[in-house]
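These notes open a run of structures that come right after.
One chain, subunit A, links the two complexes that follow: it is found with subunit B in the first and with subunit C in the second.
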Partner chain A sequence: MPRPWGPTTEYEVYQNCLEQVKLADELGFDQVWAVEHHFLEEYSHCSAPEVFLTACAMVTKNIRIGRGIVVCVPEFNSPVKAAEVAATMDIVSGGRLEFGTGRSATWTELGGMGADPDETKKTWDEWVRVIPQMWTQERFGYQGRAFSMPQRAVLPKPLQKPHPPMWVAVTSPGTELDAADRGMGSLGLTFGGFAEQEKKIAEYRRRIKYCDPVGSFVNEQVNTVNFLFCHEDNEYGAKTGQRLAGTFNYLAEQLLAARQAYPTRSYPNLGLLPALRREATSAPEGQIPEGLCIGNPDRIVEVIKKWESVGVDRINFLLNAIETVPQEEVLASLRLFAKEVMPKFAEKPAKTAAAVGGA
Partner chain B sequence: MPDRGSRSIEGLAPAGFDPGPVEVEGRWYQLTFEVDRDAALQWMPADVTRPIPCYGRLLVVDGRDSRGPLRFAALSVGGRFRMMPRNVLVETVVEGRGGVPGLPGPASEGSVTVSGDGADIVVRIARAGRGLAEARLPSPYAIDPAMLRWDGWVVFVPEGGATVLAESPVTVQAEAARLSKGAVMVPDAGLERRDPWRQLRTLLPISACIVEGRLTDWAGGGSGSDVAWVSEADAGRAHAAVLDSAHRAGRQQGEGSLQREIRHFLRDFRAAAVGPDDGV
Partner chain C sequence: MPLVGTRPTADFASGPLIRPGEEAPWTLSRVQILQVMYELEQGAMTSLLPPALHPTIPPTLVVTAWRVPESPAGPFVLAEAKVGCRSGARPRALSVRAFCDSEQARAALADRWGYPLEAAEIGFARRYDRCWVTVEAGGRVVLDAHLVDPEAISGNDIQYLATLNTARVEREGSVVPRLIQVDPEYQFHSADRGAPELLAFDGEAFGLPGAEPYWPVSASYAVADVAMPELRYLVDPAKPPLMAVERLPRTGS
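The block that comes next holds the complex of A and B.
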């Protein structure tokens, strides 16, 4: 959300996002995800993604609706309310919800909400176990560590049976293994290169075979994140895409990672910072860093095939950052991608599904 | 675009400058706490951006270096310098030593005392006999020192008769560490409104630690590393001009300025020294 903020800046950006999602649905993109962030000036003004995603569901027909993610920390959300809202979104979207979970990684948000960083992993673990029970049991009661409730009927129930697919956002090292051990999808939020991701994905696949699923089924999928800017002119596409990535990284750098200010084993790394440094320095000046989906269609096809070969099932694309790319060019990029790139992967839609991500 | 500081750096370098390293053996205390945004920007140079939220850091060193006992308190604001989180020096208060600063930059002679109060630790800082601030660290408990991380400092050094910014990497060999939750820095009640020790008081505690071991501070950038020298003319004014024009001239021009800003950022970032504390 670019400064200076005028009276309609947020309205315009939200409208742009809705237009992108509507077009993405028409073009055959498979999923749209919206984050839950609080207090992150310019970086993200998306604190009520359930509202935005419901609007997305109302203007689309087929695209999957990704709640990415529900912050599973009591100072942010109640698990009962999270289950209720998700079930309602699943109903009104006609059974298109993907349910992402996480715990926030910034002091900006944790401190702002008065949450204890030492506790977030524990509360997340508790919530991902109780929420699917709320969806599937007629009545649910629970005595837990961070959350308890007497027996009640948590209503409504999701349209998808037994319940929507469950995911966990992976920022900290090892969280992909937490996802595997619980039978959840891995919703990658860092920009590691091919070799690093391949190693992580292999371990995820190995571990999930022996998982104790928190839900009623195992969601073995790896969803990674990337930037997208597709243009006929490779040089222009790469240059614009790098500007987009650079802007996003610059804004992310201003955030105060939990680990940076608060010593805790709960957050073993600096959030996005190490990944950003690798991303920004992985290529000499003037060259495109490894793995970014920017440039002309041929180049992007190559990159996605490489991601596919290391085991990625889906890719979430960041389309813009503080409106660095004009809306008309974002829409043109989506159209060109759909026309020239998507057909190359049409035979295996579930494994190579492209997506748009709202931020 | 992120906010930048407004502090002019002219004249902030100490008259005598020793590029170090300063090696202190002993005990040190570090408090991190949220501070007022406007106050933080006032004490931050123009080529440093503010984090969200703004935070202050108080480092209190009680030890010994090659010259003898050394005790000082350094007040800083958290900033982003060449993409990395850094402590931007505001002022040090040094006990004895004839006013030679513990870190290169504005310094005053004063007193720094550390005492116990039940289970709490209390640090009192005074400048020229006048109370500045009191920091209280409630009920510290032992932790693994590996849990701690250390940001480098942005300090002020002389060069060619002017003041320039330099990065000052910090290396820590910790033998023991304790953590305290809820630590605050409270200014003396009679302090002037414009005094940084009052302006940068705790609004919300974040964390505090007490460490015993060896602290090495390379005021000149460290052996074998790229020293990040930035003159006010080269960086601060350019950044400020870019941002001012972006804000004043509206969105169209702002987008152009933004592109330049990002390009400068990536260029600086590629050239920046990366200390061992960064890759946690």
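The block that comes next holds the complex of A and C.
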């Protein structure tokens, strides 16, 4: 959300996002995801993604609706409310919900909500086990560590049976293994290069074979995240895409990470998020970073095939950052991608259909 | 794009003049490090920083004290109160004025790393229930910061920000203000975490007028070997963030 914030800036950006989602649905994109962030000035003004995604569902027919992610921390949400809202979204979208989970990673958010950074992994682990039970049991009661409730009917129940697919946002190192061990999809939020991602995905695939699923089924899927700017002119496409990536990364680096403010083992030392962003978005002068989906259609096809070869099922594309790219160019990029790139992957739609991320 | 500082650059024109020499590197053994972090009232979000730096959101105050038992300049205690910020995309903490209890150490730290130091009586103590630093300058207490109820953690869980010291350097025959990046390396022997408590803080004394710490964030205490760095980067406080960083040629190897 670019400064200066006029009285209609947020309205305009939300409208742009809705327009992008509507077009993405018409073009055959597979999923749209919207984040839950709080207090992150400019970086994200999307604190109520369930509302935005419901609006998306109302203007689309086929695209799946990714709640990415429910912050599973009691100071942010309640597990009952999260289950209820998700079920309602699933109903009103006609069974199109993808349910993402996570725990927040910034002091700006955790401190703002009064959450204890030491507790977030524990509460997330508890919530992802109880929420699918709320969806599938007629009445649910629970005595737990961070959350307890007497027996009640948690209503409504999701339209998808037994329940929507469950995902984990993967930012901290090792969270992809948490996803595997719980039979959940890996919703990658880092922009790691091919080699790094290939190792992680291989280990995810190995571990999930022996998982103890928290839900009623195993959701073995790997989404990763990338930038998209597709243009007939490779040089212009790459230049614009790099400007988009650079702007997004610059904003991301401004965030006050949890561990920069609060010493805790709960948020590992590596600072992997910015490190991987740098790895993926830096390249020698005049070259395009290897893993980014920017440039002309031929280049993007090549990049996606490489991602496919390392085991990625789907790519979530970031389309814009503080409206760096004019809306008409974003829409044109989507259209060109759908026309020239998506057909190259049409034989295996479940594995390769590209997704679009709401800004 | 992110907010930038609005503080007049004249406020950064009175730091020490760096006089880098050929002295041997400093490795400081078993330094006791107390760090206390608070959020600042947001009215001063941009007014504490020069145009070269972005504020953190929320704005933060980082109090750091070192008790150094042994150094080439003898033992000393150093106390800083810094403002959390970003130099471009990099996390940093700006120090406008700090205090040190040893004249010899003040001179050496200013000459080599641009520490903007003044004399003070500094108390640094560790008990089983708390650790604290007090700074008395000009006949009044300007800092009284505590870590309460320490619990052991791993040193790897602590992330110290690189400091930007307010100093001056010679450029083409002139003396110009620069922020000097100091990013030591730490080898931890032990570490604790506890509740932060700021009983006294005088922003004016630390060159931070209007800084009002009001919301406790964290406190840590560590014992570490500290390798003082070779200077690598300077920041011109007057330039925009993406144009402000100046890389210095490596010396030695």
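FYI, the second predicted complex is superposed on the first by the 347 of 359 C-alpha atoms of A that agree within 3 Å, B and C clash if a C-alpha of one lies under 4 Å from a C-alpha of the other, contacts with A are read in each partner's own complex, and residues count from 1 in each chain.
Everything below uses one rule, namely that contacts are C-beta pairs under 8 Å (C-beta built on N, C-alpha and C of every residue); 3 or more make two chains touch, one makes a residue touch a chain.
Treat the numbers as computed from the prediction; the structure is a model and nothing was measured.
Colleague: Put subunit B and subunit C onto subunit A via the superposition and say whether they clash or fit.
Modeller: Aligned on subunit A, subunit B and subunit C clash with each other.
Colleague: Between subunit B (first) and subunit C (second), which does A:Glu41 come into contact with in this model arrangement: first, second, both, or neither?
Modeller: A:Glu41 sits against subunit B and subunit C alike.
Colleague: Applying the document's definition of touch, where does A:Pro4 land relative to subunit B and subunit C: first, second, both, or neither?
Modeller: first
Colleague: More subunit A residues touched by subunit B or by subunit C?
Modeller: B
Colleague: What is the contact status of A:Arg243 with respect to subunit B (first) and subunit C (second): first, second, both, or neither?
Modeller: first
Colleague: In the overlaid three-chain picture, which partner chain does A:Phe194 touch, first (subunit B) or second (subunit C), both, or neither?
Modeller: Neither: A:Phe194 stays clear of subunit B and subunit C.
Colleague: First (subunit B), second (subunit C), both or neither: which does A:Phe147 touch?
Modeller: neither
Colleague: Show me the subunit A residues, by the header's touch rule, that subunit B contacts in one structure and subunit C contacts in the other.
Modeller: 2-3, 39-42, 107-108, 111-112, 247, 250-251, 253-256, 259-265, 269, 274, 322
Colleague: Applying the document's contact rule, which stretches of subunit A touch subunit B when the two form their complex?
Modeller: 2-4, 39-43, 107-108, 111-112, 243, 246-247, 250-251, 253-256, 259-265, 268-270, 273-274, 276-277, 280-281, 285, 322, 324
Colleague: What part of subunit B is in contact with subunit A in the complex they form?
Modeller: Within the complex, subunit B touches subunit A at residues 1-2, 32, 34, 49-53, 55, 78, 80, 83, 85, 143, 147-149, 151, 179, 204, 206-207, 209, 247, 251, 254-255, 258-259, 261-263, 265-267, 269-270, 274, 278-280.
Colleague: If we count contacts the way the header does, which residues on subunit C are in touch with subunit A in the complex?
Modeller: Subunit C reaches subunit A through residues 1-3, 37, 39, 54, 56-58, 60, 84, 86, 88-91, 153-154, 156-159, 161, 191, 193, 215, 217-218, 220.
Colleague: Okay, in this complex, where on subunit A does subunit C touch?
Modeller: 2-3, 39-42, 107-108, 111-112, 247, 249-251, 253-256, 259-265, 269, 271, 274, 322
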